[in-house]
Every structure is written in C-alpha cells, then in structure tokens.
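Heads up, the next two complexes both have chain A, just with different partners, chain B and then chain C.
Now for the complex of A and B:
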C-alpha cells in the first residue's frame, strides 16, 4: 500500500489563493509546494492569504512537517498569512502538538478560511 | 481510660493483701476478702486513707461482715494514684494489746510505700497479659490466613477462548471467602465462589471443609443443584450451629459458553452483555442450615465478548465513612462500564477505596472472579500471562517508502487487537516515524539492510519493537523542537521524528548495542 504521489494545484479565489494538496506530504512534497506557493502569491498583494487545503491528504510525516515549516517560514518572511483547512482530527492534533497551529490558523471549511481578513 | 482498666483489674483479680501480723504463725493467715466497687466499704476506705479499727466502722457492707467474722481488728488501705488497690488486714496483736499510735504510724508509712510498688507490679502484669492476648490474636489470624491461602487456587485456569481472573484480599480479621475452579470432564469446568459467615480460624476451617466437600461431590454429578444438595447434607453435621456458608456453583462449558448454575444464597453473579448487565438468579438456602434443601438449577449462556463477575459481599457491604453502603447498583454500574478481566477488577477496587476512604481499614474479605469469553482467537492468544508474547514479526529492506508498508502491516495487527480511531492513527504515525528513523539513520538507506519489527501483546498492552542494523551510537533523548527558531531560519526545519513518536504513544523506550538500535513503542489496549 504505497502512498499517493503528491501534487499541489493553485486556485485563485476572491478572499485569497487556495493550494489543493493531494497525496502524501513528506520530503518529496517540498519542491511542488514551493512552486505552488510562488504561483499562488504571484500578482496577489501581501494582504491576500494563502490557504492550504488538506482535504485530500491522508498522510503527513515528520519530513512533511519540515516542508510545511519551511513554507511557513517563507510566508512569514513575506508577511503573508498562511492558513489551512480539511485536516483530519489526527493531523489537527499533530499540528497542535508541533505548534504549527500556533502560526497557521486551522479552519473547518474553505469558505471560513477565506472569509477572515 | 486508665480508671476503666484499674477497675476492671480490681474486679478481675480481687486483690487483697492479708496479714495476721506475724509471718511466724501462718495458721493465723486468713483468706483475702474481695471488696466490690460498689461496696460502701470501698468508698469508706478510700476516704479514710489510713489505718482504721474495724470496730469503729459502722457500715452495711458484705465485705465488712466477712472481715469482722475473720477477726480482723485493723484495716490498712493501700492507695495508689487515688485508687484503692488493696488492704492490709491485721488481726489481734499476739500481746492482745490494742495497736498503738506508733504501730499505726509504722503501718501507714509501710502502706504508703507498698501501694505504689504493688500498682507498678499490677500494671506490668496487665501489660504482659495484653501483649499475650495480642500475640494470640495475631497468631490466630496468621493461621486463618494460612489456611485460606493454602486452599485458594494457586493458578488460574487457562482455557482457550476465555480469560479468567481472580482477586482476593483478606480483611485483618480474615473472613471465610473462597473461590475454586474444578476441572470436569469434556470442555467443562466447575466455578465456585462462597463465603462462610464468621471470621478467623473457625471460618477458615469451615471454608476448608466446604471446599473439599464440593470438590468431592462435583466429581460424581454434573448437576449443580445436586452438587449443592449433597454438599449441604454432608456439611450440616460438620458445621457449628451458628455458622453457614453461602455458595454459588456453576458448570461452564468452555466450548459453547453454556453455564448451568445453582445458588446457595450467595450474591448473584453479573453478566455484562451487549444489551446491558444481567443478574443470574437462582433460588436456594445457604449450606449448613437445614437438611434436604433443593436448589433451583438454571442455564445461561456467556456469549463472545461477554464477562461474568462473581463477588463476595465484602464489596457491596463495604461502608463509607458516612455509614453509606457500597450497594449493588454501584457495582452493577462498574460492570456495565468495563470489558472485564483486570480492568474491571482494578476499576472496582479503585471505586471501593474511594468510597471507603483510603485510610479506613477493610471491613471484610474482598473476593472477585471474572470470567470473560474472548471475542476473537487473536485475543485469546494474547490474553494470558503478564509477559507480553510475540504475535507478529515483519522485516523490510531499508528503502524509502517502506515505512508506510511497515505502518500498514502493524495497523492490520493492531486493528485485530481492538485498536481503532484516534489511537490507531497515533500508533500508525509512531510506527511510520520509527521505521523511517531506522531506514534513514540506523541503516543509512542501504536496501541490503533490514528493519525488523516485532509485535508483542498481552491483555493490557501492545509493544512494537523496531530494530535497525546501526548501533554503537545511542539514539538521543527526544527534545521539544523550537518552532520559533525553525521559522526564523536559525535551526533546521527538520528534527520532528523522535518528538512526534514520543507524543503519539503511551511509552517509548530506546536501546542500543554494538550492532543495533531498538525503539520500543508501547500502547495500552484500553481506551479506544
């Protein structure tokens, strides 16, 4: 039962950009995620948030957490808000334990994630 | 307190010093006359305090009449610490002269010295007697407890598909609780729980007789009603009239779960079923009271996953410090809330201790037997014994991605043990991280080197041991990652593995030798 290959697709919505994450998030997700972030922020002003959708993610390991930390560090350097929705209860717990949730607000739904200014 | 002891002693020992005046004429020595507490002479002598002529005492006193009849002329009260502890009774002087003032002074002085010495001697003797009594009681308790411990089963039956646990704790006074498992023909086993009224050695002896009788009778008939009928008749001549024995006897077919049972006035067993807790009721008189009693025989079935609890009345009759009784509803609720086995027993004990107050002494013996029919073969393979036993083993080459295969393989086994939901997810994350550690750090990603995963389990917990071919350098203790430093670019964004593992499981242990690292993960099997 090998994992699902990672992909990240960008959607531009009114409240901000959404990156639809699919598959496993481990170290292999690093390049794809960085590229998606660049695409998501291209031409959007600094106040426009980037929302990560984890709805189609079943597996995140510690190297995937490192990838997300790297992305979060970049977003903070840019002064841009990074948000997340669609995490399973288990990964919500992991985001709490690792304190990722302290720096990236978790939402239940995508409209909620986009509604906050 | 002291006064009470002194008075008791005075009554008990009836001490009175008597003297005729001259030891050289022993024929004149008279019998000691006891003076009762409520004899007016007692108060009179206490109030007088010094030597007094008998003829000057004018009292309606049985003791005084007797003393007079003996020809006593002078009474010298012996007083210590305000209490009359005896008297010196003197007859006529050999010279026939009355006692002089000097004589009386001498006697008063003597009494003042003798009385405290006698008092000390009395106290020493009293303490010796009390110590002896305590020693006797302790000795009796030791004997009772020894009888009981000798006769209670040394080992619990190990039956395929069943988990049988027992708990026995004697009160200080040692009651007459007992339980027993009697091997029968076929797939059947006899279950016994009983309680002898009374405590100490007599109860222990009756318990021993009852146990032997039941074992003897059970060998000859399959019918629990018949077993109790015959046991009752054999016990009647053996049991002292004021004592009796409550006892439940059931024959369990371990293949079908069918239980045929009869009850001689013992607490009803509970069965925890999918639809709630039921009581197994069957009518019958306690053993040892009346001959030729008939016992109702009923049949129940213990289904897969169900638990039966047998108890003695030491639980339901325990009192709180407010005098409230523990009661059946409280026990029934505990049965409803726990699967059975050690979990149920420890839950009942916890609740009992909370209820009684942790400092209070246990009033009566506490006995519990849980009989649980396991819900799967895997469960029965792991239910026995304290040492977790091996239930599965996997090996994976050290290639990236194999941590997910390891995770899924362990998850399959864990689900069979009842892991589900959030705890299964936590276990999966921990196994994946630990395996990745082994692949990347221990085995340096060399596909020729294997990661070995051993699963061990018992009724309480699952252990997962993940071993690589590294070794030499110990696995460091997990540190809490500093996310601020990582976000500021001051530290590597990596370094989450060990921290995550430790957070996911109930316990994590690491070890190292010259050739291997081992990470052991422990997860309790309760609490899904």
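Now for the complex of A and C:
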C-alpha cells in the first residue's frame, strides 16, 4: 500500500512548541523531523517542552521508531522534555514495547501535554 | 488516526524474553526472563551505525526474503545465530553465541518488527548493546537496490563500554561488513560495503550504571582479577 508522504510543521504555543506530524514515519522522516525540532527549539528556553502531535500520523514502522528514538536522545541531551499526544492505542502499545514510553510521556490531548510543567 | 493494519508486523506486547526450545549447548540463563532494553535503557554513548551494499537486479522483497530465510549463513564463522524455529517473525526470539571478544557470549534478540522489506531486533539486559538493529532493503535511483543494516545502540554497561572502545567497535564493524559482503555474494553482487558511523549522543547514562549486574563477562573479570 503506498504511503502518505511525511511532513512536520511547527507551532509555538503558550506551554511549549508543538510539532504536527503528518503521514508515514519511516526512514524518510529523519531529516524533516530533525529540522522541525531545530525550528521548535530555536530561541526557546530549555524548560520549554516540545510536543509531538501524532494525530495525523498514518503509520510508523521500525525505522520510524529509530528516528523518534534519535530525536528523544537529542532532546534529552539538550535537557528538554519531549512529549507526545494523539497516538492510537496500537502505537501507544508499540511505544511501550520499545520502551520509548519510559522517557516520553504520552497524553490523550494536546492541552494536557502543554499543561504539565 | 486512520491507520493501516500493521499489527501483525510488530511483536506482541512483552517486557521479558521468553524462549521455548533451545539448543542443548546454549546457556539460556542469560536470555530467559531478561527485560528488553531500548537505547535509553543503556549506558554508553549513543551510536547510529549504518552498513549498506548495492545488490542490483534484485527487488527489496527478494533480498529480505533471502536474508530472513538464510540469516545465520551470512554471519562470520566465530559467531552463531540460532534462528527461531518458526522463522524470523515478530515476537520470536533468536539466540546468539559469539566468540568475537575475550569472553564467549550467549545472548538473544527479540524480533521486534518484520515486513516484506525490513525486520528489526531489540536487545535484552545482558546483551552488549541496548537498542535496535534494523535490516532493510530499498530502491535507490543511482545504485539500484540497497541492502542495509542500521544499529541504534548504546553499550549496556561500563564494562561493555570499555570493551567497545578497546576492540568491540572495530569487531562490530567487521562483523556487519562480513554479513553484508556474504549476503551480496550470495545474491550475485560484488559491490563494496559502505559503512557510516554517527555519534548521536556523546553523554553516557550513568544512572544505568547498574546494568553491569547482568553482564555475562563479570565472572570472567573476577576470575582474572583474583588470579
């Protein structure tokens, strides 16, 4: 089945920066996700979290999980909180198996993800 | 979220490795019941290592089908991979015996993900690395079809980190270069293997220092120190 091209756009909200992810997260998502993270954190203090919105993500494969782990490592090296919302129950389960959820808090809604200090 | 049904590609939920039948000469104690470790559960610096080779005139699906079916065949002679009885399928466990370093290693991997063009392993406590190993094949406009191994790993503890600096990293590179060379030879390609190594995070995760309690080389270290 042909995939949906990946894109990532950044919004700056009161509680932090939100990266809206769209399409398939696979090997091709790495550069776009890294660029979005850089845009999201540029000029923002370290305490400002980055929230990944998975609401419009269609598909994540194992190379996509590796891309997200790489971003998580970058955020933790920066001392910055990386959060996620909008994951389906299936992908929440995948985040548990891969132990991504040990280090990235998963939220049901975007306001919840932005509200935690 | 309107998603494709990929449930069957991923391992069922599990936190510990469970192995069924195993070879008589394999020490299952270093695998059975061990927790899975992603890169953030490891200790050492985080590395992304990518090894790839061009295999023209084969489709990604053909390459991955061959790789899964003949996985152990492509390994170096000083290591052995015991594939799951049912094949490389999500949720299955592969067992590994290796004599690459100064201490023989018995460990295993979970088949985390598998589809027609890729499959991934995840490592358990006591394995030299914490992380993922992804095998994939894809079309490249210039080179034709590419077969690739990509590791996203930290060493699991300070002892493995020291060993990795001393000799392990080079041995790891040689091992995967050998694997891809063998796969390419088997599929009729003589293209060179390309290796790319990126340090993703230079920090060591000292809070995971205690992973060393699972290190299978500890008895050997104690013996050497006391002799």
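By definition in this document, the second predicted complex is superposed on the first by the 116 of 117 C-alpha atoms of A that agree within 3 Å, B and C clash if a C-alpha of one lies under 4 Å from a C-alpha of the other, contacts with A are read in each partner's own complex, and residues count from 1 in each chain.
Keep in mind that, in the parts below, a contact is a pair of C-beta atoms (placed from the backbone, for glycine too) under 8 Å apart; a residue touches a chain by one contact, two chains touch by 3 or more.
Since this is a predicted model, take the numbers as computed values, not measurements.
When both complexes are superposed on chain A, chain B and chain C clash. Between chain B and chain C, the partner in contact with more residues of chain A is C. In the superposition on chain A, A:58 makes contact with chain C only, not with chain B. Of the two partner chains placed by superposition, only chain C is touched by A:86; chain B is not. When both complexes are overlaid on chain A, the residue A:10 reaches neither chain B nor chain C.
Once chain A of one complex is fitted onto chain A of the other, the partner contacts of A:72 extend to both chain B and chain C. In the superposition on chain A, the residues of chain A touched by chain B in one structure and by chain C in the other are 1, 59, 61-63, 65-66, 69-70, 72-73, 76, 88, 90, 93-94, 97-100, 102-103.
Those residues of chain A that touch chain C in the shared complex are 1, 27, 54-59, 61-63, 65-66, 69-70, 72-74, 76-77, 86-88, 90-91, 93-94, 96-100, 102-103. Every residue of chain A that touches chain B in the complex is listed here, in rising order: 1-3, 24, 59, 61-63, 65-67, 69-70, 72-73, 76, 88-90, 93-94, 97-100, 102-103. In the complex of the two chains, the chain B residues touching chain A come out as 401, 403-405, 408, 422, 425-426, 429, 432-433, 436, 481, 483, 486-489, 492-497, 499-500, 503.
Only residues 1-4, 6-7, 9-11, 13-14, 36-41, 46, 48, 112-113, 115, 118-120, 122, 131-132, 134, 136, 138, 150, 152, 200-203 of chain C touch chain A when the two sit together in their complex.
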